[in-house]
Amino acid sequence: MAWDRVLAEIAAAVSPHRGEGTVADYIPALAAVDPMKFGLAIALGNGDMHCLGDADECFSIQSISKVFTLSMALRNVGERLWERVGREPSGSAFNSIVQLESERGKPRNPLINAGAIVVTDHLVDQVGPDAMIAELIERLRRLSGDSSVHIDQAVAESEARAGSRNRALAHFMQSFGNLHNPVEETLAAYFSHCAIAMTCRQLARAALFLAFDGCDPTSGERMVTGESCRRVNAVMMSCGHYDNSGDFAYRIGLPGKSGVGGGILVVAPRRGSIAVWSPGLNQAGTSTVGSIALETLVRATGWSVFI
Amino acid sequence: MAWDRVLAEIAAAVSPHRGEGTVADYIPALAAVDPMKFGLAIALGNGDMHCLGDADECFSIQSISKVFTLSMALRNVGERLWERVGREPSGSAFNSIVQLESERGKPRNPLINAGAIVVTDHLVDQVGPDAMIAELIERLRRLSGDSSVHIDQAVAESEARAGSRNRALAHFMQSFGNLHNPVEETLAAYFSHCAIAMTCRQLARAALFLAFDGCDPTSGERMVTGESCRRVNAVMMSCGHYDNSGDFAYRIGLPGKSGVGGGILVVAPRRGSIAVWSPGLNQAGTSTVGSIALETLVRATGWSVFI
Amino acid sequence: MAWDRVLAEIAAAVSPHRGEGTVADYIPALAAVDPMKFGLAIALGNGDMHCLGDADECFSIQSISKVFTLSMALRNVGERLWERVGREPSGSAFNSIVQLESERGKPRNPLINAGAIVVTDHLVDQVGPDAMIAELIERLRRLSGDSSVHIDQAVAESEARAGSRNRALAHFMQSFGNLHNPVEETLAAYFSHCAIAMTCRQLARAALFLAFDGCDPTSGERMVTGESCRRVNAVMMSCGHYDNSGDFAYRIGLPGKSGVGGGILVVAPRRGSIAVWSPGLNQAGTSTVGSIALETLVRATGWSVFI
Amino acid sequence: MAWDRVLAEIAAAVSPHRGEGTVADYIPALAAVDPMKFGLAIALGNGDMHCLGDADECFSIQSISKVFTLSMALRNVGERLWERVGREPSGSAFNSIVQLESERGKPRNPLINAGAIVVTDHLVDQVGPDAMIAELIERLRRLSGDSSVHIDQAVAESEARAGSRNRALAHFMQSFGNLHNPVEETLAAYFSHCAIAMTCRQLARAALFLAFDGCDPTSGERMVTGESCRRVNAVMMSCGHYDNSGDFAYRIGLPGKSGVGGGILVVAPRRGSIAVWSPGLNQAGTSTVGSIALETLVRATGWSVFI
């Protein structure tokens, strides 16, 4: 692959759109981010890394962290996890509570807020909130080969203050017996992992195991079983972008997960993983410029799984 | 690929499950089908075809026809189609009317009943119901290289008699201005294409263009643009199995569409297309034995797009 | 009661509001009505009648007819009717289809469209659509003591042409087995009784039995049992104005039923019945000026059941 | 009125049904109540009181307290209250969260849990939770002429422990800005007033002002305006029994409010007020034996507002 040409095409494609979209403003720490930022990193199985723009600048990965907590939970308990959370698209917004009522407290999938809270609750169950977060950070540092991965405490605290909707989801699930720990304990862990700060380079590198059937190709270490890896990718394809998932599947054609910090993580099976970041969001909460970058990348590389 | 071994593995895997699931019984013609039937056909880009069991027996393709009407509609008008129908998973059953109310008569995607009725209405718009059906049959005959593809009139008439729910959907969309032709005219065409009878061999062959970016690899004829082809595949992946789509994506990992006649059509991009048929259905209306066959095939071939 | 003073108060109260609200325009025959029209008639148990304005002008009673079909159905079968229709407020708009899906084709109450269609279907069951309409008209003529009560055929035909939403409701209920006659047959009867033309004087007179425990006080003829009469009044109080019923209960405090033709029928138990008409509607489809007139009447007479 | 005969009829009617229904068991304090209990008290405008059975035994009034908090809130701010809570039936269960999502955090009416929490929040706004509860208790003692009215702290603490669903409602409304105080503060007040213990005699006496246009007829003291009184009665009629309100309106025909402790409070405008208590509940959470008692009372007295 002529990566210089691919990167140049991406740079040209995003250039006229820089700054488009709406920066998340429900907490001050996110609202303050410069909307002109744009970074991209492509991690390949052979260890090569191709970067563009602000690829080494930290941003709040937000909901992208759900991919890593889901992987951890599947590693820990495997298929039993699905007793507490589904794996189907919800057809609703990321924070909708409607389906939880008719489906008696079982969220549709682990990538909407309710589902990710259940996954976090499951991890907290086993070791408590502090050890769970410590283990997650430690794992991300090892996978990304960079010990600077950390939690942005200011963001975590802002999330906790603005967290009424997530508290509603958690108490609601608790009323159906689908939350095992005290709401504030599980939510503290949830707000913490949503506040993880990473660079595109770190993020692409950390997710590489998902492109290689669950094994990190550089270390050879197995992170999850091949089955779990396929499950994570399938869930990202079906549910990774809330009620924009179908459109993302068409435009990008790769399993992915967006975060309201403007990051998108994408997995290209057997090829590599890509992280892109640009703060302006579309109506479904996916980075506008990030999507354009990924669309261009997929066109240039032919990596869509649907071609 | 050692196809003999693959077929043998599939035959061995399905053998203990033959007859499982529930045969659709809402119309007599479907209820009468022998639940022990099982057929499978794999069409490859080089023209090769690998078959198993009752691969040359006709069955009612039912909702699988929605893939072909969607392709025709995209060929005819391209992206304008999406003004009348969405492309996101619905999170609801195949015949749900709930979302139509809050979303003002615009169905979530073209593979649920409401969406497929709009697609049919769109095709009827252009040439009338009879010519539209004639064109569809002619196209399927050409693609499958078999002039015996036909409509089972007994099934079509049964569907029409049992069609209260689809009539409700059609009148409901009409009340929002999203049906252009008389309800009974559009539904006659809809019931007709759902009643198309094909064999696994014909079906796999007819869908091969979806695995090759919109071009039939044997004739070289372009059926739809590469963009439309990706769109169809993405919609099949996200929405092809109603509220079982997420699970199908994990287990099979390929774009597919199920029909209540027990057929499943699956597209393996750049490799080929597969049709399987076995009448017993799971709760979501997908063939139980057919799913097992596909799961085995994907494991044996490594064709999942998520590995 | 000093009726001259009461009527004068009402006339003074409505005067500055004449013409307010929005005239129904979904069919031409309703859209053409002069928005300045206002009529009111009060029928008392002793046979006295007090009128104001255009009390002798015909208007389309529309959904007010549902009160009479409900009374007829209860007279015919009594409590068995409730196997097919509920008697609780719906919390939704008059033509909503959402609850029908989760409640498997059983409408919430007989005063929303779906419920009234079931009631009509029930009456059609017994004698066929023509005889059912003939019997209803005959009954209304007898009750009102006026043989000019009739169906406005132009309105009935317009309703039938614009009836997509009601067709959707009917086919949907049919798919659950809750419609016994062909959809178009039941709907023809439904559209006919919604198109009944009456004057305020006729309407108030015809409903007097509801204020006197089911017996017409002037003829002494029992129309429905005391139990059924209470049921009709209770349903009118709870459900007579769709999602404006709670507010109507507060402002007027009497069982009532509105129609999109601008009429409102109100029952004052042991006192009398009132019909008011003025075409402009509020957002819930209740006559704006009619509501002001009734509010004034209730304040002047102390007839609210909640005082 | 021959009250001895009325009471004898009621006693005879309930006798074969004593113990029917299901005692609420979501908190131990309610589950422990003897299901055979039955008490009834009728308070008349002239100060007379007619009692039956366990009319002087304390029970947990639970949701009946919502009638008194609503009256207090209307007294304090009048119509402005309706900016934060509706006054229409919900068509849903008492603790449903679904409508809150589409209606952006504004509950349908003040007698479902979400609405009552908003009313409580409004009262807490003004004086804080402790003073608000103190004022409510003081008012109930004065109205009932009995200083033994109190909060059952064991019940209040049980409610708080079992309160996940109500916490979900409160946090959800807070996310829309419709809760002004900290969730736990408002809920502490809410759980306290639901845990008020009163006898039938005290309760009937305390609600007498609602039957007399807002004035306590024995003291002459105005509790709420006539308008507010009518509003409370109308809301009780439309919404007092959740999704059983329509049936209650028919069977009893009087504004009322049920509580899961087995109490029902009913208002007979211009006549008096009635409190009945028996712990076994029907599916909608209304006392089974209490309903039979009220039905008999209304038949014997002719007090239904619909006759």
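Chains here go by letter, A, B, C and D, matching the order in which they are written, and residues are numbered from 1 within each.
As a working rule, contacts are C-beta pairs under 8 Å (C-beta built on N, C-alpha and C of every residue); 3 or more make two chains touch, one makes a residue touch a chain.
Computed from a predicted structure; not experimentally measured.
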Check every other chain and keep only those touching both subunit C and subunit D; list them. none
Maximum distance between Cα centroids and subunit A occurs for chain C
Can you work out the whole-Å distance between the CA centroids of subunit B and subunit C? 48
Whole-Å distance, subunit A centre to subunit B centre, using C-alpha means? 32
Approximately how many whole Å separate the CA-defined centres of subunit A and subunit C? 56
Would you pick out the residues of subunit D that each touch at least 2 other chains? none
Over in the complex, which subunit B residues touch subunit A? Could you list them? 86-92, 99, 108-109, 213, 226, 229-231, 233-235, 237-239, 243-247, 249-250, 253, 255, 269-270, 304-307
Write out the stretch or stretches of subunit B touching subunit C in their complex. 96-98, 100-102, 164-165, 167-172, 174-175, 183
